[in-house]
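Chain IDs A, B and C follow the sequence of writing; residue 1 opens each chain.
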Amino acid sequence: MRTCFGALALLAWAGVAPAAEPPHAKASPAPKSSCIECHSQLDGEAAEPVKHAADDVHFQQGLSCHDCHGGNPDSEPDDVVAAHDEKKGWNRPTRLTIPLFCAKCHADAAFMKRFDPMARVDQLAEYRTSMHGRRNATGDAKVAVCIDCHGVHGIKAVKDPSAPVHHTHVAETCGRCHANAELMRPYGLPATEPAAYKSSVHARALYEKGDLAAPTCNNCHGSHGAAPPGLQSVVQVCGSCHGREATLFREVEKKKGLNLAPCIQCMVCHDNHAVQAPTDEMIGVGPKSTCTTCHGPSDPPYRSAELMAASLERLKVRHAEASDLLARAGRAGIEVGADQVALQKASDQIVELRVLAHSFDRERYLAAAGAGLATVEVGVAAGERAFRELRQRRLGLAVSLVVIAAVIAGLLFKIRDMEGPRPEP
Amino acid sequence: MATRRGFLNWFLGTSAGAMCAAVVYPMLRYLVPPQLPEAETTRTVAAREGELKLGEARVFPFGGRPALLIRTAEGEYRAVSATCTHLNCTVQYRGDLKTIWCACHNGMYDLTGRNVGGPPPRPLESYKVDVTRGDIVVSKA
Amino acid sequence: MSALGKARSWLEERIGLSALVALAREKRVPVHRHSLWYYLGGMTLFLFGIQVVTGILLLLYYRPSSGEAFESVQFVMARVPFGWLIRSIHSWSANLLVFVVFVHMFSVFFLRAYRKPRELTWLSGMLLLFLMLAFGFSGYLLPWNTLAFFATQVGTEVAGRVPVVGGFALRLLRGGDQVTGGTLTRFYGFHVAVLPAMTTLLLGAHLLLVQRHGMSVPPSVEAEAQRTGKPPRDLPFLPGFLLRDAVGWCVALGTLAALAAFLPWELGIKADPFAPAPAGIRPEWYFCWMFETLKLLPGRVLGVDGELIGILAFGLGALVWTLIPFLDGEKGGERLRRALVLAGLLALAYMAAMTVVAYLPGRH
């Protein structure tokens, strides 16, 4: 161990590569050592470690085989015994011991600081709290260890877009085990979560729209400390992005002295993995309503849901009417640009109402709907004003047509007067 | 006969005069420049000095879209587009946080419009603000 | 002498208007069963005058750049007092003008008013007709909306297919290889400077020639007069014909005002050069008959591109039509005349029919 550290320290101090190299920079060739020279000439499994050496972030930072595996990198070629000298620390970890193996460096703050001043060194501690880590501690070699997600010899940095742990590949990586029914059965886990996630609005945002802010498995479950959020924490997890809804939800618990934990919070209405874009039909008492999942017609909240849904519907209908009125007036040539921008405020108020549904507070909701309705009515009034102006234009036209008709009559009579009543062309 | 002719001449003259007036009047009104001298796609008066208190902000229409005019606690005026670059909600100014905040998913922007927190992927378009003769004029940079 | 009399004689010594007025008083217009067609020339002139006046008013607010053109037209329509009226009249009058100029041309054709000594009047008139079409084509792009953008693209594309000079013509028209803001500025220059200058010259020549030769009497009326020995009746231009002209002009003015108020010209959607072309692009109605014809032609005819044949045919047709006075000279016989009338009727019928076809539902 000490020899390993010594060798590592020497190499690191020699400053083979600067610490802040971007992870996907041109792969530098692996530093020369007898390990690489020998293994690159072998076939099959023995050649695997060297195949992807150029992509590996450790090699790019100037580390080599012996920095992790020990042994003698300066041994004579073909001298396997000398190279694999256990006295020089050569070892090959088993699956169960891999977390400790990687943590040799990755849990050492002073060591990691030489490569990345902001590097975290608590991965092992987190791992121990995860389901993977707990089972690993009991001797279950089938659960995930470091190399299952990060790769083993061609390890790429997390920021590298082609890394298996890059944000866009996490679901795929987790899915390698969690979508495998055979693997999951002994643990009592359904293997449906990855597929459910793929169908969700979050996956669509991430994969179709390319929105990197959209969550994937580790955003809700943690990466090294991967575990399902506890019942208390679902609203916390969703709330890390959907802050307002979460705040409102927590206020409800406090205000009404409710313990909503048994309802598993957000999941009741929104599901956890197959989250779909919410629709307005979820509010109210209609067939697609989520309120009626728990509340029957004799519950007071049923009535609240009815009223809230009705006010939202009324606002939406009136808003559409106002938009249409203003659009038609605009097409007819009346200036309505400022009125249309003012009406946009009502769109924001409709979004606000959808958020306020999470307050489960009838009075507050209806008050907000009322404010939205007031904005919309201003828009409708503007539209009606525009049409009044249109009517004025037509009135002006009618007057001028009368004048023109008078002129035409005058001309015709004048012609007749000048030339007598003979028919002239 | 003479009076009839006289009446006819008078009638023709008067109605022709009225028609000329009906033609010339709109043309003259047209020539007089309207209140706002030009289409406001690139430049508009967002407010007048003194309308906004320190630390207050207001949404105003600009080029058909909402924009945000902020008067910082130090008295400086800033203007940015008010449409969040994440999912198009309208942002607001949080005087308590001295940042621009989007209520939909907690997006945060600094006063230059740069996205500094939450999901927004791009900064808000920043506009130029000039104060001339008591008008706060916002124009596209 | 009264003040007015003094003023008149002052002007008389310097300008000599009385000679012109005397000339105008002398002018007489023949009256017969076809003389209604005589009003069309004046109507065309009136509508052109409306275009000039409304056009000048519009250019006080219009901005010829792709970033501001649409907004400036919107500004005129919505913010400028009576801007909606001026703009709608300009657009409607443009269409009315093209319609009337075609009717004027066809009436002159069928009444054979192009015969000697009026060949040059016909020639200048045909050139004026082409100029009016150019006005329409260039003006259509100026609001910079989607329909106009793509119609211009299609139109200049067709111009580019003319052999030999097509490529050059396309680049000259577009101000580049594509329709861009540069095209807009160029079209604006054509529309407000180049074409008006050319029109002024040709129109001046056309009107002078008309005054010089007087109104042509159709051969059938002449023949009848010779037979009965009675010369055709006539009307003094001042005031009789002019007052009747004024009646027509008032009707036109009223029609334009009504159209502006009940069918205001749409603004459309601002052009986006990167958006795909919408379905149903077509040029203005007066080009539609050519557009439909090109669409009907088969891809290849005898190894030559079908559309190219169409374009060349139109060019040849226009040339022949312009040179009609030289084909139907005094030497031509009755059969030639009948053939020409038939050809003219066929051309008219074809153009009308193809225009209707372009607007059939489901056509685009």
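Just so it is clear, a residue touches a chain if its C-beta (ideal position, glycine included) is under 8 Å from a C-beta of that chain, and two chains touch if they have at least 3 such contacts.
The shown structure was predicted, so the numbers you read here are calculated from the model rather than taken from an experiment.
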{"item": "From chain C, the most remote chain by mean C-alpha position", "value": "A"}
{"item": "Innermost chain, taking as reference the mean of every protein Cα atom displayed", "value": "B"}
{"item": "B-C or A-C, whichever has more C-beta pairs in contact", "value": "A-C"}
{"item": "Gap in Å, rounded to a whole number, between the CA centres of chain B and chain A", "value": "35"}
{"item": "Whole-Å gap between the CA centroids of chain B and chain C", "value": "41"}
{"item": "Inter-centroid spacing, chain C versus chain A (mean Cα positions, whole Å)", "value": "61"}
{"item": "Multi-chain contact sites of chain B, meaning residues that touch two or more partners", "value": "19"}
{"item": "Per-residue overlap in chain A, given as positions that touch at least 2 other chains", "value": "337, 400, 404, 407, 411, 414"}
{"item": "In chain C, residues with contacts to at least two other chains", "value": "79, 85, 250, 253"}
{"item": "Residues of chain A defined as touching chain C within the complex", "value": "330-337, 393-394, 396-397, 400-401, 404-405, 407-408, 411-412, 414-415, 418-419, 424-425"}
{"item": "Footprint of chain B on chain C - complex, ascending", "value": "53, 57, 60, 67-68, 71-72, 74-75, 79-83, 85-86, 250, 253"}
{"item": "Complex contacts: residues of chain C adjacent to chain A", "value": "31, 35-36, 77-79, 84-85, 88, 235, 239-240, 243-244, 246-247, 250-251, 253-254, 257-258, 260-262, 264, 266-267"}
{"item": "Chain B residues touching chain A - in the complex, by the definition given at the top", "value": "4-5, 8-9, 11-12, 15-16, 18-19, 22, 59, 61, 64-66, 86, 89-90, 103-106, 118-121"}
{"item": "Chain C partner contacts - residues on chain B that touch it in the complex", "value": "19, 23, 26-27, 29-32, 34-36, 38-39, 41-42"}
